[in-house]
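Following this line, the structures themselves.
In the two complexes that follow, chain A is the common piece, with chain B as its partner first and chain C second.
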Partner chain A sequence: MQFLKKKFPVLLAFVLGMVMFIREFVPAKIAQSLYEGFVNWSLVITGFAAVFAIISLLHYHVAKVRKKVPGYGFSVLTLVAYTQILLLGLVLGKDIGTPTAWQYQFVFVPMQATMFATLAFFIASAAFRAFRARTWEALALLVAGLIVMIGRVPIGEAILPKLGFLAEWIMNNPNMAASRGVTLGVALAQIAISVRIIFGIERTYMGGGD
Partner chain B sequence: MEAKQHATFVELFLKLDRRIIYTLVVLAVAVPLLIPIGLPINVTPEVQSIYDKIESLPEGSNILLAADFDPASQPELYPMLMAVMEHIVRKKHKLLIVVLWINGPNLVAQAIDELRKEYPDWKSGEDYAFLGFQVGGTIVIMSMGNDISKTFPKDHYGNATSPMPIIRNFNKLKDTDYMVMLEAGNSGDWWIVYGTEKFNIPVGAGVTAVIAPQYYPYLQAGQINGIIGGLRGAAEYEKLIGKPGKATSAMDSQSAVHALIFFAIILANIFAMILVVQKRRKAREAK
Partner chain C sequence: MGNTIKLTVILAILCTFAISSGSFAQQPAEGTAPDAAASTEAAAPVEAQPAAPPVEIKLPTDLFAGDLPNDDGSGVYLKWSVVPGESAETNYVIYLAESPDGPWAEALTQPADAVFMEDHGKYFPGFFWFGKNGREKQVHVAIIQNVPTGEYDKIGRQIHIPQPAGFTVKPNLGPKDDAGEPIDPDVIDVKTGLPKITPILADIQPRKIGTMYIKFTAVRDGVTAIAPEIFQVDAKEQWFTTSKLNAFIFAILFGTTILLFIARARRDPNLFIRRIAGLNAVDEAIGRATEMGKPILYINGLAGLGDLSTLAALNILGRVAGRVANYESSLTVPCRDPIVLTVAQEIVKSAYTDAGRPDAHNPDSVFFLTDDQFSYSAAVAGLMLRDKPAANFFMGFYYAESLILAETGASTGAIQIAGTDAMTQLPFFITTCDYTLIGEELYAASAYLSREPLILGSLKGQDMAKVFMMIVILIGTVLVTFGITFVKDLFTQLG
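Then we have the complex of A and B:
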């Protein structure tokens, strides 16, 4: 049992990781069919993973309702919403005009859009209170932010035509350089993590427990 | 006595009730929507190059459209989706649409429905295919590199994709002449790493204003040929196709809100500086 729980996943990650890595350098036809096979497997496995995610979500909320933990009413709401949309979708389909599509268009879309729209109020309030030039670095950030913010909307260019050009310059140069640094850092970290997983050093993906 | 009153005003301003700020934001959004100003919109080179690319392709070229967003980004990306799709339809290109975000397909279905009312001859399966959502993210892109109809055996409406005429000449990623990805998150990175770079597909990105800065390194490296950034980008594209829509009508509101936040930040900083100077002066006087 310990072999299946602890050693087999590491062995599997090592073998599959190495095979996929070496395959990149083999121009033979078998390497291509191997790749296609792995991609098909991955699609199937991802489908099952999605089913597991749904089961896990339901399990979590059913447990909360059973134990009647504070706020379990929200879990009841989640379970009811989930069950009805699933049943309606399965029985009546999801095309335009069906109850599923109606709920999406007139319940889900406005709710999600509203959640996101409230950000405008918080951003305005937070910017007013917290965006202060307390240091030279903060001042540079503040000036760049203000130029981009006003230069990327028509009113900025209407007041000062050069603002648009200045905003574009900031986006294309200092912003681009910083973004590239972040992207490269993330890519290097991804390589490092992949190597650690393949060689069994990184095992957190297997989860905790016995 | 006068100095004391002035200081109080500064402090009051810096502790401005958030409900006043919220009310000002509401007014800045609502008033220009009710009374449009119609500020001129200049087209940036990043948007122009995507338009030019679609314009330059010969009729019947294969275009892949990835609509990876959900209702949270609808105000920015839906007008972009409408404008880009309309341009593609007018140029009579073949269009495949895919979605990697689970809450996105119905928005695309809605956009197609809207567009079909205007272009009733635009046929599903022949001129376009809406392949819908497939779970898997990067794996879906890799699988599309092998076989699109196997990755999406059925389209969004439940029709088999393999017998579709459009799929005959457009069944692998490498068949794509141009791709436009509309992104609200990091799925754009997936398309570049696992799709467009691998199969050498030219691609343009339409993104929310929040993530637009992340796409500039790709633009400078030539990995994407243009960026349609946020609502402003959508308005620019609407201008290019000569059909002002939702993005254009919302530009005045966006201008007003940006101006409001711009002046609020500047005033807050000036008042904060005044407060610091006053405190230092008081401290000196106390000594």
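Then we have the complex of A and C:
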């Protein structure tokens, strides 16, 4: 039992990790088939995991309704919405013209768009906070931000023709240099975490600590 | 007398006309040689036009055909040196057949002055890295891959087999109907409204070429020149791609360095790791939540378990959950991915058990919300506004919803710690969160929090790799400045 719980997952991670590493350097067809096989496995696992996810969702909201925790009305709404869309989809299908498709097109999509649109207000408030020039670093950020923002819209170049060039220079030089530094660091860190996981040094993600 | 005068006038006019005509005939024609112009034959001016020179097509003299290296066995290639005077007016057309007698199928057409070996470093890395030696744009290559040579193309249509002079072409039988008559692939079935020839799965799949015969031709102004040789090539799949040799060597090198430092950490566990403010604040955030009697919200990002940043986030979750269990505080982990959900549930449960507080574990603390990006953000924002968690952790990979989450959290007054390698979202987290783990700090967080010497050793190895990269970048930059690209080429991604 201890083997299945502790050692087998580590062994599995080692074998599959090494196989996937080697596969990256093998152009033969079997390597591609192997990869497709793993992708298909993950799809099957996702299918099963989705069942657990739905159970988790229902359990969470039912518990909230039962306990009548503050805001449980939202949970009622979630449960009603979930049940009706499931039943309508199962009974009437989801083709164009069905209530399921109607709800998707005229309820779900507009709500999604609304959430996305709120980003504009969040960006405004975040920018207000970020651009308060209380330190030299914040002032540099403010100046660079203003140049890039104004330089990248047509009116910016109309006001000052060099602004577009300056904005591009900021993006292509200081910004790119910083971003590549972060990218290199991330790549090396990913190699390190992969080595830790493949060799069983890092096992927190399996549960059960070290 | 009058008649005599009239006759004289008529004769004079005729003589003048005759003399004039003779002088016109003696004018040399424009653009012709004086000798030719002297000819009096009626057809002379037309025949004197220079005949169009015959189309002269120079074929490469050093054609070489071979199995395409670093591929899955579906390709062959031809290479040849630049032909003096080659131009885009000439097209090289390459034919393939499964037998030297045909039928030949047109496999590839490319302009004579295009496609060089260094354009395909993926297949010819040796040439790219070491073989150029000033031979840039000197060696042409034609790569032929996944070309079906049967009677149907990839979508099941009858292929057109051109029949240039000099080819022995077998008749292309093509698909036939029940009566044995050929079916035109463009004919639409009136009953179904679909083409009469339905693509067959076997034809859609690219085929392995196997043993192939190659014929090389050059076409200009409708004239075809055919290379005398017919090349026989065996297309084989390879088991190691040399185009990724550089990546392989550096992966092994970095991996070994990390393992060496882990082994060193086993002997000497006193390793110095620089302070990471965001991780030092973890205890502060959990403590604050405990004092306020409010929950801690932990988000693993929006990517799936296949993303390494999600794995890093889950590792940190284990550490955070352990401390939450010790502090007897409460944890909320809303998940977006079903697989991440199951793993997170297990991690949190184990963390409570390891902390000796299995009784304090609430199975409902890790739950699934939705896998839709903006529905998820709306749900989490709702959680923040209703439950008012005292600390919010945003770890892992995020997309456009990062600002919605972090800004909503900031509005509730929670202490916020974010960690991501999503470059485009970092500015939003830096702006709205109290602490942000930038890029690699996310991956180092688990090691930092655990203080396990073995895991810390890997950070040291990572740092050594970084030093190596910095030295190489410095050397490469200097060399490229002087026009030497060898070091840069060695680090170029080819495959």
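Please note the rule applied: the second predicted complex is superposed on the first by the 175 of 210 C-alpha atoms of A that agree within 3 Å, B and C clash if a C-alpha of one lies under 4 Å from a C-alpha of the other, contacts with A are read in each partner's own complex, and residues count from 1 in each chain.
Note that a contact is a pair of C-beta atoms (placed from the backbone, for glycine too) under 8 Å apart; a residue touches a chain by one contact, two chains touch by 3 or more.
Model, not experiment: these values are computed from the prediction.
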- Message: Contact-wise, after the overlay, does A:Phe116 reach chain B, chain C, both or neither (first, second, both, neither)?
- Response: both
- Classify the contacts of A:Pro27 with the two partner chains as first (chain B alone), second (chain C alone), both, or neither. second
- Query: So, does A:Glu168 touch the first partner chain B, the second partner chain C, both, or neither?
  - Reply: first
- Task: Considering only touches as defined above, state whether A:Phe3 meets chain B (first), chain C (second), both or neither.
- Result: neither
- Query: Of the partners chain B and chain C, which touch A:Ile155 in the superposed model: first, second, both, neither?
  - Reply: first
- For A:Leu57, decide between first (touching chain B), second (touching chain C), both and neither. second
- Query: Between chain B (first) and chain C (second), which does A:Ser125 come into contact with in this model arrangement: first, second, both, or neither?
  - Reply: both
- Message: Under the stated touch criterion, which partner chain does A:Leu142 make contact with: chain B (first), chain C (second), both, or neither?
- Response: first
- Which chain A residues come up in both lists, the one for chain B and the one for chain C? 42, 46, 50, 112, 115-116, 123, 125, 127, 129, 179, 182-183
- In their complex, what parts of chain A are in touch with chain B? 35-36, 39-40, 42-43, 46-47, 50, 93-96, 101, 104-105, 108-110, 112-113, 115-117, 120-121, 123-125, 127-129, 131-133, 142, 146, 149-150, 152-158, 164, 168, 171-172, 175-176, 179-180, 182-183
- Query: What does chain B use to touch chain A in their complex?
  - Reply: 16, 18, 21-22, 24-25, 29, 39-42, 44, 70-75, 103, 106-107, 109-110, 113, 134-137, 139-140, 142-143, 146, 150-151, 157-158, 209, 212-214, 216-217, 219-220, 229-230, 232, 251-252, 254-262, 264-266, 268-269, 272
- Flag every residue of chain A that touches chain C in the complex, lowest number first. 21, 24-29, 31-32, 42, 45-46, 49-50, 52-54, 56-57, 59-60, 63, 70-71, 74, 111-112, 115-116, 118-119, 122-123, 125-127, 129-130, 179, 182-186, 188-197, 199, 201-202, 204-210
- Message: Under the definition above, what is the set of chain C residues touching chain A in their complex?
- Response: 70-73, 208, 237-241, 244, 247-248, 251, 254-255, 258-259, 262, 306, 308, 311-312, 314-315, 318-319, 322, 335, 338-339, 341-343, 346-347, 349-351, 353-354, 364, 366-372, 374-375, 377-378, 382, 386, 400, 403-404, 407-408, 421, 423, 426-428, 430-432, 438-440, 442-444, 446-447, 450, 452, 454-455, 458-459, 461-462, 465-466, 469
